[in-house]
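Chain lettering (A, B, C and D) follows the sequence in which the chains are written, and residue indices restart at 1 in each chain.
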Amino acid sequence: MIKVSVLGHGFIGKAHAHAYLTAPEFYDVQRPELGVAYGRNEAALADFARRFSFKRYSTKLDEAIRDSDIVDNCLPNHLHHGPTLEALESGKNVLLEKPMAVNVDQAEELAKEAEKAGVKAAVGFNYRFLPAISLAKKLIDEGRIGRVHEFRGAYLQGYLADPNTPVAQSGTLIGWRQRKETAGSGSLGDLGSHLIDMSHYLLGEISEVSAQEQILYPERPTETGEKIKIQVDDAFASLVRFKGGAIGVIEASRVAPGMKNQMRIEIHGNKGSIAFNLERPSELSVYFEEGAQTSGFRTILAHDPHWWPPGHVLGWEHSVVIEIAHFLDAVENDKPVSPMATFQDGLYVQKVLDAVERSSRSGKWESVG
Amino acid sequence: MIKVSVLGHGFIGKAHAHAYLTAPEFYDVQRPELGVAYGRNEAALADFARRFSFKRYSTKLDEAIRDSDIVDNCLPNHLHHGPTLEALESGKNVLLEKPMAVNVDQAEELAKEAEKAGVKAAVGFNYRFLPAISLAKKLIDEGRIGRVHEFRGAYLQGYLADPNTPVAQSGTLIGWRQRKETAGSGSLGDLGSHLIDMSHYLLGEISEVSAQEQILYPERPTETGEKIKIQVDDAFASLVRFKGGAIGVIEASRVAPGMKNQMRIEIHGNKGSIAFNLERPSELSVYFEEGAQTSGFRTILAHDPHWWPPGHVLGWEHSVVIEIAHFLDAVENDKPVSPMATFQDGLYVQKVLDAVERSSRSGKWESVG
Amino acid sequence: MIKVSVLGHGFIGKAHAHAYLTAPEFYDVQRPELGVAYGRNEAALADFARRFSFKRYSTKLDEAIRDSDIVDNCLPNHLHHGPTLEALESGKNVLLEKPMAVNVDQAEELAKEAEKAGVKAAVGFNYRFLPAISLAKKLIDEGRIGRVHEFRGAYLQGYLADPNTPVAQSGTLIGWRQRKETAGSGSLGDLGSHLIDMSHYLLGEISEVSAQEQILYPERPTETGEKIKIQVDDAFASLVRFKGGAIGVIEASRVAPGMKNQMRIEIHGNKGSIAFNLERPSELSVYFEEGAQTSGFRTILAHDPHWWPPGHVLGWEHSVVIEIAHFLDAVENDKPVSPMATFQDGLYVQKVLDAVERSSRSGKWESVG
Amino acid sequence: MIKVSVLGHGFIGKAHAHAYLTAPEFYDVQRPELGVAYGRNEAALADFARRFSFKRYSTKLDEAIRDSDIVDNCLPNHLHHGPTLEALESGKNVLLEKPMAVNVDQAEELAKEAEKAGVKAAVGFNYRFLPAISLAKKLIDEGRIGRVHEFRGAYLQGYLADPNTPVAQSGTLIGWRQRKETAGSGSLGDLGSHLIDMSHYLLGEISEVSAQEQILYPERPTETGEKIKIQVDDAFASLVRFKGGAIGVIEASRVAPGMKNQMRIEIHGNKGSIAFNLERPSELSVYFEEGAQTSGFRTILAHDPHWWPPGHVLGWEHSVVIEIAHFLDAVENDKPVSPMATFQDGLYVQKVLDAVERSSRSGKWESVG
């Protein structure tokens, strides 16, 4: 029985724990044992461990790593590097939440170590596993939309739109997503990384970018009314050029009111187009050029036969369940983790994030890598 | 630890089993034990039992019932009556898949027996528990759309549209959903029952109906090419009058190409309107009269804080998980099953189904009950 | 030069006058002369005549009829019969606004007289001429959605939803649309007639109906606060059976908040479906069965090359302009008015309206005609 | 009676001619006389003049200018400068189709001359006059979405997506929109100029841009199969910074299959958002922050009471009709042309186009002006 330790018990930790329990119900993988839940807030940790039937919980990282076959790292971004390195050095298989790290150096070290360790190592770019995205990938690979020449991605949320809303706090610390040292960046690493991975998965690599990161509200109040200085971007936008010749725009915002979780993608080829919106995760919108009379964007309800009958749609979490079913299969049967994002893929994303930051500072196009 | 036996291992059996395992992850209920899985196809049953970690499986109904606190009956419609009756007589709590039975007599006997048994008994009208429907209920009850005067419900699927597609078969038998003796009716009981329950939940009781059931293709081929006679409705439509004065149209079809699982509801009051489509289960469309300039239908992403952050949308199955969390809570803490559909509610639906059938035959308005 | 007299200067009178002036800009028809504008409110009439460049206006019906080649009757429903009869007896070509009359007897007399007169006579069911509807007609006729077996039509408006909103008044009279003697019926004749014509145009004739008309608010205030008794239906719904074997639901409401002008149509065949919504008049939604993977409803922007480049969409009024271009061509070149609705088509609609009213009273299915 | 000469009889010339004839039907302006239609293709010109009831047509520009009160210049971009200058020097009021010119120098000269001439001079950025855009402007100005901090504009068409489709030709010349000397630029000036004007109208001026223009297919065939070199951009994208502190992305494409005329705008403030799509020109999508439970994007059918009842939606052309009604009123009653785009506004747009081109070449941020 494969033993899994989950590091972190926030939103993503819960999604992963749920996925390990659910995957064997629908996929041909062995039921893993949720072994150790690791975290630092003991009360929350205990509750998490109980709800998801972990064997035990621990606030000691080495225990969690030691007693596992898979280490699933759902800690904040700045804790992606250290614990993952430790897990790899201990020869554990690793699933690491995105983005891979807070800078390229960390990501490079992790990628090297993963290769050396010879374990299964993947980065949690879960949207690759949405049935609608799998279908998009298939249609593109089959040439159904021809030569792909444009990519448009916008990942929009609105929860920071109002500058008077106190920033989230955890104890005396503002939330890790709002601090540069813990998050690395704001909308860029949190949301933009998903789009960069999507564009990589569907179109290939970006060669260069021109970008602006923006802190629209440099001061925000905490819950106690104190003003704090904001150091991560509220929004960013980038022009991109792909190695294959396509062009694109990739942007994200956390200050777009009404947008809850709109990761929107549009892809144009010379024979058709594809569009996707994460708030309707089962739907893929596709246009094939079929003559003036009856051509139009069609809404396909992407269907995955492992689950419910057509039209009984899946939700956001299924991207995680399907991903983890895949990871369990890779570990159990010694298969490649692909089409999951490998650590090399994760490193690539980190390099694009870095190029975006460099371009924001230089005001010029910057090469990736 | 509450022990659950699940009868039936088809689509709905899987959804329920998944829900029992998932509910305690997100709701404050004890983790139940999945005790006995019951069915008649042993190979499929064993697979089902293994995937969902049942203690064991059995092809003997009495074993499944005896060794349980909750009997969850997901068998075909014609097996709702007998096994449920047996479970009630054994003093078991019962969750019974919709529709309650294949006729009013059966439903009445079950409702009486449930009352006598004094157990928790509910009918699986799971859509009541979609966050979007819970929000609709709240808005209506708060008077936000005023006096409700119209209801429009259409539940549309398309999988039977092509009369040359062989009807599903199980062994030498055509699928139970296509046989009158096992299903009771076609689109009416299968799909229409959901709409009748929705209208009941949101508006109150129907007093009379005028309806037509239709077998559009009286003969369909089986997989072996043989022609069989179809005895259940491909589609039905009914005009309805509510006791509270509202009017409505309720209809369903399994011959509507392109419709995968569109249960659509529109409700009009004198101050606003509400619309819902099950293929986008997280969205509620609401119109409030707010002056000519800025009034418009708004799309609300209904949010349930037990789950993921806003915009990380839930899917179809969450209606079942939330429902079963509620049922576990009712059993565990001896609370009323409401707002689940009680056996009285299930009986009411059966009476409306019956009135629809009577009206289809008589060509006249027929009273409910 | 063809001379046109327009009777009535309300909303529809304006739309028709605009259409006569605009049609020759885009279609190969002679520019007609707008001769006499007829009405009874002299101030409004003079303004109308001036805006649309009529040669003159007159409050005398016989003058308007005499001095014309085409009489375009846009008067309230109860004035469809008399003036049209007079025009036909004078040998004038007639375009008559829908519905044809306030009862079947009137419509029958008009249809007979039109045949006798041997003139061009058409009823203004303008939606036949929307490019999206023309495309729907073409696709159905070509068999693209197979055997058509279901029709669903709902024409929804909301301006009467609030029973406290004073009913429109003209002088001391409540608006003609709210009085039985002037309108014939409420939502039925006003909105339902369009759907009945659409279903006729696209599927063929209805053989029988089961219906309910409903006055939801039997009393409404006038602008002076006085209460008046309402005698026309706020909403109606009908089950229908087509001669060709299809079934359907046709309904309308003027008490559906948020619905401005939603004439929605859904048509299902055994190979595909078609959907339309008048609030997006350029769009036709079409589903063809093309395999599970990529089938989906596609949104076609129906294009008419007489007008602007693709995507520069037409609006509501273009249904009228295209219709009148067709009528001018028929008159000028002595062609059949078809695909406009003939007086026989108008009579058929009136018979269905009558069957709906009879069924509402009898509570039974009623035959058409 | 105001006399109008229209220069050019292509798509836009027709739209303007139609608008002069239609405006007085719905707005309180005098009916103008369409005096001289000017063009160079005499057959097409004669047809145009006949259809729109011009007094006469002429292939001599000076005649057209001399005999007019308004010169409406709908010629290709490279002919915006000379004929407009001539008209201004002759003291004529001028409506000039967008973009103002093929470079900043031309635009500057025109703006100066317009000021000197003291006539009514406006640039045809017609989308300002769509009722939905007027509503957006009003909501923003009233502060309904708070401080505006993000603008996202994409104007997408797909007619050049397939590189094997022959480019449009006129005689032996490829279409003027595909030649740099006649068009100035490709998607940038044609489509991007509209978005730049929209952002100006709604948010204010852009201070700097970072952009890429792209010729994705440098060679395309003509109708005779010959290959020609393409010198104008298929697509462009730009990051922008507004003087008021907002950021944005503005892009356009003519190689986006399925997009017919999607000018899409999204605007985020700290209290709400606004979205618009030109393929549904009557709809404005608006989000106001009103609490978690019922906030959602609402679709408003923007209503203009000069026209038809609510829900009888307007189309693309109405933007032109309303604009020209406004221009006629300005000329007739000596009012400012604002909110039409003045020649200063047109010059501003030209400066942004220029900054986009400079940035595309330099690979750096470039200031506007």
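Keep in mind that, in the parts below, a contact is a pair of C-beta atoms (placed from the backbone, for glycine too) under 8 Å apart; a residue touches a chain by one contact, two chains touch by 3 or more.
Everything quoted here is computed from the prediction, not taken from an experiment.
Participant: Which chains does chain A share as contact partners with chain D?
Facilitator: Both-contact set = B, C.
Participant: Name whichever of A-C and A-B has more C-beta pairs touching across its two chains.
Facilitator: Answer to which pair has more contacts is A-B.
Participant: Where the CA atoms of chain B average out and where those of chain C average out, how many Å apart are those spots?
Facilitator: Here chain B and chain C have centroids separated by 40 Å.
Participant: Could you work out how far the Cα centre of chain A sits from that of chain B, in whole Å?
Facilitator: 35
Participant: Taking each chain's centre as the mean position of its Cα atoms, how many Å separate chain A from chain C?
Facilitator: Roughly 53 Å separates the two chain centres.
Participant: Could you tell me which residues belong to chain B and also touch two or more other chains?
Facilitator: 259, 295-297, 301, 310
Participant: For chain B, which residues count as touching chain D in their complex?
Facilitator: These residues of chain B touch chain D: 135, 139, 284, 286, 292-301, 303, 310.
Participant: Under the stated contact criterion, what part of chain D meets chain C in this complex?
Facilitator: Residues of chain D touching chain C: 11, 14-15, 17-18, 21-22, 24-26, 31, 51-53, 157, 159, 259-262, 278-282, 301, 307-318.
Participant: Which residues of chain B touch chain C in the complex?
Facilitator: Contact set of chain B toward chain C: 145-146, 149-150, 152, 154, 158, 161-163, 210-212, 214, 216, 235, 237-239, 241, 245, 247-249, 251, 253, 255-259, 266, 268-273, 287, 289, 295-297, 363-365.
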